[in-house]
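Have a look at the structure below before the remarks.
Think of it as A, B and C in the order they're written, each chain with its own count starting at 1.
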C-alpha cells in the first residue's frame, strides 16, 4: 500500500461541452511500467496533463508517496519528481544538446555559465541513457530518436522518479524502439516508475507490467500486461473488433495516376509507378526513404527536376497544387497538425477548405452550401464532436484525421494520397479509416498509401511498392508481400550502398 | 445532450466574441456617470467622427493581422494618399473624383509593394512594412515640400455632415466596416485569410494560392489606409505630410482589443470596430473629464492592457 | 549562381537610392562664390513640421547670401540620430555646426564631441543642457506665452472662460508656453481657465480635443493653442464661432496660421520668426567660424500678428 509512489483517486475534469475525465483511479509503483491504454479522446492526455501540472482536476485527489499533493504548475510536478515526455518535445532545436539538458538551470560559477561542468554533466546524463551524442552538437542535428533520448536524459537530470511517456514509439523505427525499451528496462531497475502510453498493442506485453484501460474518461479496467490483445481491444472500445484490416478488393479499372521517371536530385530518382481505379497501392519503406518527398512532388507541393505525372492520362504541370487538385488529386499529409489542419478553425471551416474555390461565385463563397456539405460528410465519417463549430484543435487525433480526409471526400478527389493516415490513431478510428478506404475504391477511386506500419501496409494494400534511398526497389502483389519480403526490399539497397 | 452542449458552446462563443463589447459598455456607463456631457447625441457623433480614421485604418489592419502579418505602414500611407489627393487636386487641377481615385490607387500600390516584398521577397511583414512606412512618409514630405496643402472645397465636403448632423466620416467608417465584415465572412479571399493565418502550409496544400491572397490582403490594407487618409485630410480641409504618425499602433491596438490574435487566424470586423470605439471613447472621456496631460497617457495604456487582458482571461476560462 | 541575380538587382537598387539621395543633398546645400571654403553643418530636429522647414529655408538662404556652404540633416525627432549626425559633421571638418536639438539634454554629448574637435556649436530654437555652446539663438517661449495671454485677455475684454490646448506633454516648448500663458493670464482676474488638455501640437488632435472640450464647456469664449497646428484644428472644430463668439490665439506664425488671421478665424498669433531664426543662426555660425566673439544668448523677437499687421508677416516668408 505505502509502496505506491503515485496514486490517483476519482479524478474528474470538465471542459465546456465535454466531460474529459469522469472518475479515474490509477496507481503506480516504483520500478514498474504501467501502460495507459485507451482510444484517442478516452482521457489519457487529460490525465497526464493533470499529473504534470498543465490542467487542474475539478474533483479527485492525487497522492505522491501516500500524501495528497497539489500539482498546480509544472514546477510542482518537478518538485514531486514527475517528468513528462510529450510527443512534441520540450526542447530548443537551436541550442546544443548540453544546453537543452540543463535548460533553465545551467551550472554556474560566479554567475557565469560553467561550460566545462555543463558538458561533463551532460556527458554523464547521456551515458546514463546510453546515447552516443556530442553534448556540443546542436540538438537539431540529432534525429528524432536521439532527441527523445535527450528528453529522457533531461528528465533524469531533474531527478525524476516518475517518468510519463506519451506515445514515445510513435515516431521511432523498429530498431530505435528496441533501444528505447532497453533504456526503459534499465530505468526500471533503477527504481523509476514509468507511465507508458502506446497504441501499439504488441508493445504492451514486451515492456509493460500492468495496464489501466481508459474509456470515455473513466478507468474501466486494470489488467496484467500479458492480457491477450483482443481482450485489450475489447476493453478499449467496449466491443470486440472482428478484423483489424477489413480490406475488400474492388474491381480495378484504368490507371488514374501515372508517375514516370520522377527525379529530384539528391532526394529521389527515377520513380515510376501507376495506381489504377479501385486500387489501394501501399508505399512502404524506412523513414527517410523519400516516400513523403515523392508524393509531395506528385501533388505539386514541392518541385521536381525531371519526369512526368499524369492523372487520367493528362500530364500535370510541375509544382502547382491547384492544378493537381483540379485534376483530381488529394493529399492527406503526414504532419496532420502542421500541414493538414487549421487547428484554430472550426470543423466546418476545415472541411470546406478544398471545396471553397468551387463554392465561390463572383468572389463570394456559398457558406450555407458549404456548411450543409460539411454536415453531411462529418455525419458520414462519424466525426465525434460537439458541433461543426468546434475547433479542430480540441478533437482527438482520429477525429482530426477524419476531418483531413473529409475535406478531400467533399472535393471528390479521384486519387487520394494518404501519408501515414493512421499514425497516432487508436484502433477504433483506424478501422473506420480502413472502411472509408474500402468505400472509396469501391466507388472507383484510387488510393496511394504511405505507411510505416507494416501490418497495415500488408493488410490494406492490393499492391505494395517499396522505396529505399530515394528509389523504388520493388513491387510486390498482395500475395507476394510479407513482412520479410517488404523489409528485405526496404533495407536491401541500403546495405548495398552503405 | 448534444443540443444542450451546442447551446452552451454558442452562449460562450457570443460571450467571448463580445469580450471587448463588454469593455466598451463598462466604459460608456462609467463615463455617463462621471460626466453629464458624455451621453448626448452630439457627443456620441463626435466620438464617431473621432473614431473614423483609426477605425478605417484598423479595418485594413484586420485583414493583415488575420493572415498573421502586420502592417506598420498604414499611417504613413494614409498621409501619403492624402497628400497625393491634395496635390493632384490643387497643383494639377484634377477633378475631385479623379484625384480621389488617384489617391486610392497610390494606397493600393503601396500595399501591393508590401505584399510583393513579403511574398516574393520573403521579407518578414514587420520589416517590409517598416520600410514602406519610411518610404511613404518620405514621399509625402517630398511631394508636399514638408508643408500642409489646403484641399479644395469640393473635396473637403467629405469631412462635413449630410443634412445638419450626419457626419460623412462616420458614414464612411460604417461603410468600410460593412465591407470588411462582408469580405471576411463571405468572400473567398476573406475565408482564405483565416486559413492562411491559421496554418499557411495547410492552406497551401488545400489549394489556396497563398501568394495571391497575401497580395490581395496587403493591397486591401493599403486601399483602406488611403480611404482613412482622405477622410483625415477632408476633416482638416488640409493634407499634412506628418499626419497620422503613430496611427498604425492605434490601429493595431484596436484590432487586438477587438479580439484578434497577433498569431493569426482570428479577428472580426465588429471586434475591430468596438476596439476603435473604445480608444475614441476613452480619449473623448478624458477630455470631458479634464484629466491632466500626463495621466491621460497612463490611463490609455492601462485600458489597452485591461481590454486585451479581459479577452485573454475569458478565452482561458473557456478552455 | 542563382542568387547572384537578385543580389545584383538589390545592389543596383541600393546604389540608385543613394544616388537619388545624394542629388537631393546637392540641391539643399547651397554654395556661394567667395567664401566657399567655409562649410557649415545644420542638424534640424525634424523637417516634419512646417516651422522647421521655414527655419531651414531661412538658414539656407542666409548661407547663400554669405557665400558659405551648408549641409542640412534631418534628425527625425530622434535624439540619438542627431548625435550621430553632429559627430559626422565634426569628422567632415565643418567650420561651425548649428544644432536645433531634438532634446536639450540629449544633445550634450554631440556638442561635447564637436568641442573636442574645436568646432563652435550654435544652438537654435532650443538650448543645450550640460554642455556649453558658442551661442543659443531662440525665440523666448515664456515671453511668447505671456504675450499670448495678453492678446487673449485684450480680445475678451478681460473676462470670460477659456480653454488651453497644450503641446506634447514633457517638451520644453509645451512647458514654457504653458508657463508664460499662466503668468500672463493672472493679469486678468476676470478670466477663468476651465480646461487644459494636450493635443500634441497636432492639427487632427487639436480638432478632436477642441470638439470634446466644447462638449463639456459650451460657454467658453476664448482658446489658447500652444501652436498654430492645434489652433487650426480648433478653428475647424468650432466652425462658424471661431474668431467671432470664440477668440482663438495661436503660436508660431506659420503660413497657414497667418492665413487664418487674414480670414479672421484666428484672432492673434504669437509669431515666432523661423526664417529670421535660421538667418540669425547662420550669421552667428559664420562669425564663430571666423573666430569672432559672439554673445552667449540671442533672443529672436516674437511678434504678435493680428489682422492689422499680418501683411508684413506674409511678405516676410
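We adopt the following convention: a residue touches a chain if its C-beta (ideal position, glycine included) is under 8 Å from a C-beta of that chain, and two chains touch if they have at least 3 such contacts.
The shown structure was predicted, so the numbers you read here are calculated from the model rather than taken from an experiment.
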Contact clusters after notional removal of chain B: A | C
Most centrally placed chain - per-chain CA mean versus overall CA mean: B
CA centroid of chain A to CA centroid of chain B, Å: 42
Distance from the mean Cα position of chain C to that of chain A, given in whole angstrom: 66
Geometric centre distance via CA averages, chain C-chain B, whole Å: 31
In chain A, residues with contacts to at least two other chains: none
Multi-partner residues of chain B (each touching 2 or more other chains): none
Touching two or more other chains - residue numbers and ranges from chain C: none
Chain C - residues contacting chain B, complex: 47-50, 53, 166, 169-170, 195-198, 202-204, 207-209, 211-213, 215-216, 232-233, 236, 255-256
Complex contacts: residues of chain B adjacent to chain C: 35, 37, 40, 42-43, 46, 49-50, 53, 137, 141, 145-148, 150, 232, 235-238, 240-245, 283-284, 286-290, 292-294, 296-297
Complex contacts: residues of chain A adjacent to chain B: 15-18, 299, 301, 321-322, 325, 331, 333, 338-345, 349, 353-354, 356-357, 360, 363-365, 367, 386-387, 389-390, 407
List of chain B residues in touch with chain A within their complex: 2, 5-6, 8-10, 12-13, 185-189, 191-192, 194-195, 198-199, 201-209, 261, 265-266, 318-319
